[in-house]
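Same chain, two partners: subunit A is paired with subunit B first, then with subunit C.
Let's look at the complex of A and B:
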């Protein structure tokens, strides 16, 4: 176990370094460099030159990268030209709000998907199974932004039940103080995950249903309800742990879209506006932070998997 | 979005017995379509969408070049079955034109991603050792960046035209095939026929191309089908965010992005048709991929 953990951690660190190198290369591939991107096509050659020298963009790439890593090691993620703030302070403001959105969406998705998947497995190949499976296929194939728009059209414009815009505010508390406005963004992000989770839950439960211990329990006359909850549910939940870790990149992608549909003041919106305004330090800093989160997520999922399922041997 | 955890359809298990083992990969794929209703539905939808997009304009003539301010945002009528958009283009004609680029970009990006991913994975798995470790850490690193974050990064750096768009979507999509083919290559390289080929002095490049890749073809085709669906979704998301190709180029995502400005004015014909087109096409490719995968699993069990 310890050897496995150490190896996985070393791999994770290597991956985070790899991400920083890749993002660094991508961002510096822009013709004219970050200066032209930020100052726009109207800036004079002198201004561009001044900006490049000031920020050290004329130095060789490895030197620039070394400086970035050196700063990163001291906890300095860079400085946003656009917002005139440090990237760290921007992220510390917006990251928690995105975490709340993603967390709530996961919670809702699991609450819906787990019973749904179990139901589909127990009544597999029935009409209910076909209908719900068809629905999750459609939900899975739906662009997240279009789903959000449909929900706005229905619940906010036609029926006027919920506000069309996400809650605004600088802090998590401010965002959470408008629970009504959170409903549509959370529902949008959750629905896409429900589709994937319930399919996974279904196949996991079907595999559990044919196990000997279920047959033994049935033969012993254990009530079906207890079989469902004690044996089927608990055992088929194990793979879901991995799924949560693995689905993090897809969910973060969904969050970027959801945040821009509902104007939710989170990290996705920050990243999107940084991409359109060529705010390089923000792009670089937040990608490294997001990638670290997804790497940690899958690492945690692997370790948790071994903890909840003692049968798993880590090699 | 791009998850490797695609859902499975219950009806995707091939009906009426199993696919004959021992046949060639292509015969197996053909057998899937003969036996599986969902796959047939999927192929049917794809054919319809392709015909609609590419043959439709032959029969249904619209002006998609000149903007007409007298005809903006008209509701559906006899002259314009799906109304007109905010610059006076006929929406039905626009849907066909957008379909062309959505399909071309989706297919090309999936093809490019599959070819690059396959070669990358085959080489990594076949060579093994330190080369494999480094190549797969590269894949892991790109994979750690959520797809939409990566595509926004790329789109912010490059000026997006159709070829660039194909490249950008492919950069996001080549990872899954690379990992899958690597897994296959690791098991294939120890097979007797590969050993024999090597013993007979076959060059490594030759072995990868002639022995490793063809034997992973079913896995590759299944994954490629899902990649088309993913590529169309990614393209739509990127265009929705306003980072897609600049006008006059268009696709279903760009149409939706435009229609959104009129969401409060009840102009449903700017929001439903393009969305439905995306969902139909993506569902169709997912159906096909799912049926192929079900057949692949049957074949693996019979090995």
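Let's look at the complex of A and C:
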């Protein structure tokens, strides 16, 4: 297990390193450059030149990349002129907010999806299964922005029950101090996730229900409630654990569309804004962080899978 | 100043996120309106007004000596100016002219054949009790002289290069000696407009060490560095004692790094109108849609209606808002690359530019595409809002929409016109009736035109232009790219440079005369000007620009020459913003074409 973890960690470093090189090269291959993109056409050639020299964009690419890696090794992700803040500061500000939003949504989704999936499996091909399956497909196929707007129209504009935008606080504490403003964005993300998770849960539970140990338990007269909670639920959760692990990057990278609809300044929007404004330091910094989260999430999923399923052995 | 309308496993997943990033990267005369209407209820003292910032706009720079990287409408006009007033405030009753009432100094006195300027300060006070003196102006000029590279609006040869000296003659008076005579209007509008007096309390090189930038230019770099470093600490904006010293009507009492800014009245403001509101809040929005949702719920005092959501106009009105059109002093155009090695020679032919301009159906674009919320552009001077510079010749539209006129111009200058196809130069040469110098036999009227993506109106305009142009055999190959990519690509260049491959480029925002209020086009159409993206060059234009800079009352000559000579393709200018103002809030309009806002004039009436 230890050797496996060490090997995977080394692979992770190599992957992140590779991603950073790819992103670095492609960014610099874009037409124009960061100076004109950031300063805008208002800036004179003199000012553009000054910016390029001051930020070292006139140096050869390997030199620039070496400087980026050197800074990264010291924990310095760079400085965003677009936001007048260090990239680390921006990430430390927006990443926790996205984590709260997406994390809460996943939590709500799991709380609803797990019992729903089991109910669908136990009562498969019943009216309840058809209705909930249909509802799941509707929710799953509904674009997030559309769902968000519908919820705003209903709950914020027509009935005036909830605010139309997410909390605007700069910190997680400030965000959580307005819980009512989190309801709609969390609900939007959760509804879509419930649909996906419940389908996984239903499939997994149906597979588990036909296992020999379930049939044996029933033959031995074990109460249905115990079968469901002790045998069916625990064994059906294994694929969900994998899903949770793979959700880590999404939690870190934020939800661009939901954040956009609800004016929630999280990681998703930071990334989007950086991409559209040629904010190279933010793009590079956030890509490294998201890539790291992706490989760690994948590693976490594999490890959790081994923990919850004794049949799996990592070597 | 130009503006846009101001994240499989392992490598696969990570690379996917990276590729996604790259794809994204590549990818008023205000009308009479709410504020100007007579309030029906009684004026309410106090109240909080919220102001929606444009999508993505985050005020993030507080130091008025702003550099290019931070210069923006949301930083300067709608953030810093609330606290630190410029020497001459521009925007008066919806016109892009100096506002004598809100300026910190009396109108400048020109003497000595317009080579001497005397500035007399009014009786304004900083919030720390110190007077706003001529020394504050000298502080600024000294800093400009020492830190040209860090002043966003520095133009080589402009302020302070065109000053031979400046001297404080009394606490309320500073005298500038100019290197040559300048038109008072040009000098006031383009040069004095850049000055913002600074407080003595900012003349520091550290939190405890006094600097001497107020009196000595050589002391300024250390002072600038200190203030610059302080301004980089965004999270301190709301509580830094340094930034609390203001001479404007507002002081920043709370600031979040997301851009949410809370202002309260500066109780010692010595200007003509003291704030009525008890709080003014600027709220950032990530997207237009997010702002619209909040607007529809009635939770913002001054917001905007996205042009793509004009259909919601009556719904917003039903939510208790009045619509007011915010027109900025600007023009819209897109450049041809006169130095492109392939098609540059064609662009250099006046008859071709005339023909091309004849194909732009501005009235139809305004009516059908902008649904009336735009103004035509016929030259360097804005047609709207009303301003003292626009001349009747330019106003009359020298090149009205006419496909037949365009066809005739091409046919009579050596081109075989192929409607629906591609016209070809049949008569190369420089003489009358020939294609013109540098244009070869067989050259085709086929061009690439890159334009900014994401704006429905611009896409419609370009598609329409392509269709119309094909009627005279001009083949436009359209491509879209993000705004930043378009403006990054359309750079001034020499024919031999790799960067000179672009042919036609349209970022969609044109130019707003924001800091340079004198609209003679010197910064965009003058030979070698940094913002002359198409590398247009005309000795006559340069001569007339220089004349209008120096000789009073000559702007109409350069205006009309540029309108005739077409340094770029003129397009309709979209109104800056469709502002929605709560019906119970007054004093918001007229909105100034310089983007400045004056919430000290705003007040609620009872019932709000």
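What we mean here is this: the second predicted complex is superposed on the first by the 304 of 315 C-alpha atoms of A that agree within 3 Å, B and C clash if a C-alpha of one lies under 4 Å from a C-alpha of the other, contacts with A are read in each partner's own complex, and residues count from 1 in each chain.
By definition in this document, a residue touches a chain if its C-beta (ideal position, glycine included) is under 8 Å from a C-beta of that chain, and two chains touch if they have at least 3 such contacts.
Here the structure is a predicted model, which is why all the values come from computation and not from measurement.
Enquirer: After lining both complexes up on subunit A, report clash or fit for subunit B versus subunit C.
Expert: clash
Enquirer: Kindly classify A:129 by the partners it touches after superposition: subunit B alone (first), subunit C alone (second), both, or neither?
Expert: A:129 sits against subunit B, while subunit C stays out of touch.
Enquirer: Please work out whether A:68 is in contact with subunit B alone, subunit C alone, both, or neither, and reply first, second, both or neither.
Expert: In the superposition, A:68 contacts neither subunit B nor subunit C.
Enquirer: I'd like to know which partner A:143 touches here: subunit B for first, subunit C for second, both or neither.
Expert: A:143 sits against subunit B, while subunit C stays out of touch.
Enquirer: In the superposed arrangement, which partner chain does A:165 touch: subunit B (first), subunit C (second), both, or neither?
Expert: A:165: touches subunit C, not subunit B.
Enquirer: Where does A:106 make contact in the superposed view: on subunit B (first), on subunit C (second), on both, or on neither?
Expert: In the superposition, A:106 contacts neither subunit B nor subunit C.
Enquirer: According to the stated criteria, A:287 is in contact with first (subunit B), second (subunit C), both, or neither; which is it?
Expert: The answer is both, since A:287 touches subunit B and subunit C.
Enquirer: Between subunit B and subunit C, whom does A:27 touch in the aligned arrangement: first, second, both, or neither?
Expert: both
Enquirer: Which partner does A:157 contact after superposing on A: first (subunit B), second (subunit C), both, neither?
Expert: In the superposition, A:157 contacts both subunit B and subunit C.
Enquirer: Where on subunit A do subunit B and subunit C both make contact?
Expert: Comparing the two interfaces on subunit A, one with subunit B and one with subunit C, the shared residues are 11, 15-16, 18-19, 22-23, 26-27, 30, 37, 145, 149, 152, 157, 246, 249, 253-254, 256, 260, 271-272, 274-276, 278, 283, 287, 290-291, 294-295.
Enquirer: List the residues on subunit C that touch subunit A in their complex, please.
Expert: Result: residues 1-3, 7, 9-11, 13-15, 17-19, 21-22, 24-27, 56, 58, 60-61, 68-71, 149, 152, 154-156, 231-232, 234, 256-258, 260, 283-287, 289-291, 293-294, 296-297, 299, 481-485, 487-492, 507, 509, 529-531, 533 of subunit C touch subunit A.
Enquirer: Could you pull out which subunit A residues touch subunit B in their complex?
Expert: It comes out as residues 11, 14-19, 21-23, 26-27, 29-30, 37, 120, 124-125, 129-130, 133-134, 136-138, 140-146, 149-150, 152-153, 157, 192, 195-196, 198-200, 202-203, 243, 246-250, 252-254, 256-257, 260, 271-272, 274-276, 278, 283, 287, 290-291, 294-295.
Enquirer: Could you pull out which subunit A residues touch subunit C in their complex?
Expert: 11, 15-16, 18-19, 22-23, 26-27, 30-33, 36-48, 50-51, 81, 83-85, 89, 93, 145, 149, 152, 156-157, 160, 163-165, 168-170, 174, 246, 249, 253-254, 256, 259-265, 268-269, 271-278, 283, 286-287, 290-291, 294-295, 298
Enquirer: Considering only the defined contacts, which subunit B positions touch subunit A in the complex?
Expert: Residue positions touching the partner: 1-11, 137-138, 140-149, 152-158, 229, 233, 236-237, 240-243, 253, 256, 260, 263-264, 266, 268, 271, 275, 278-279, 282-283, 286-287.
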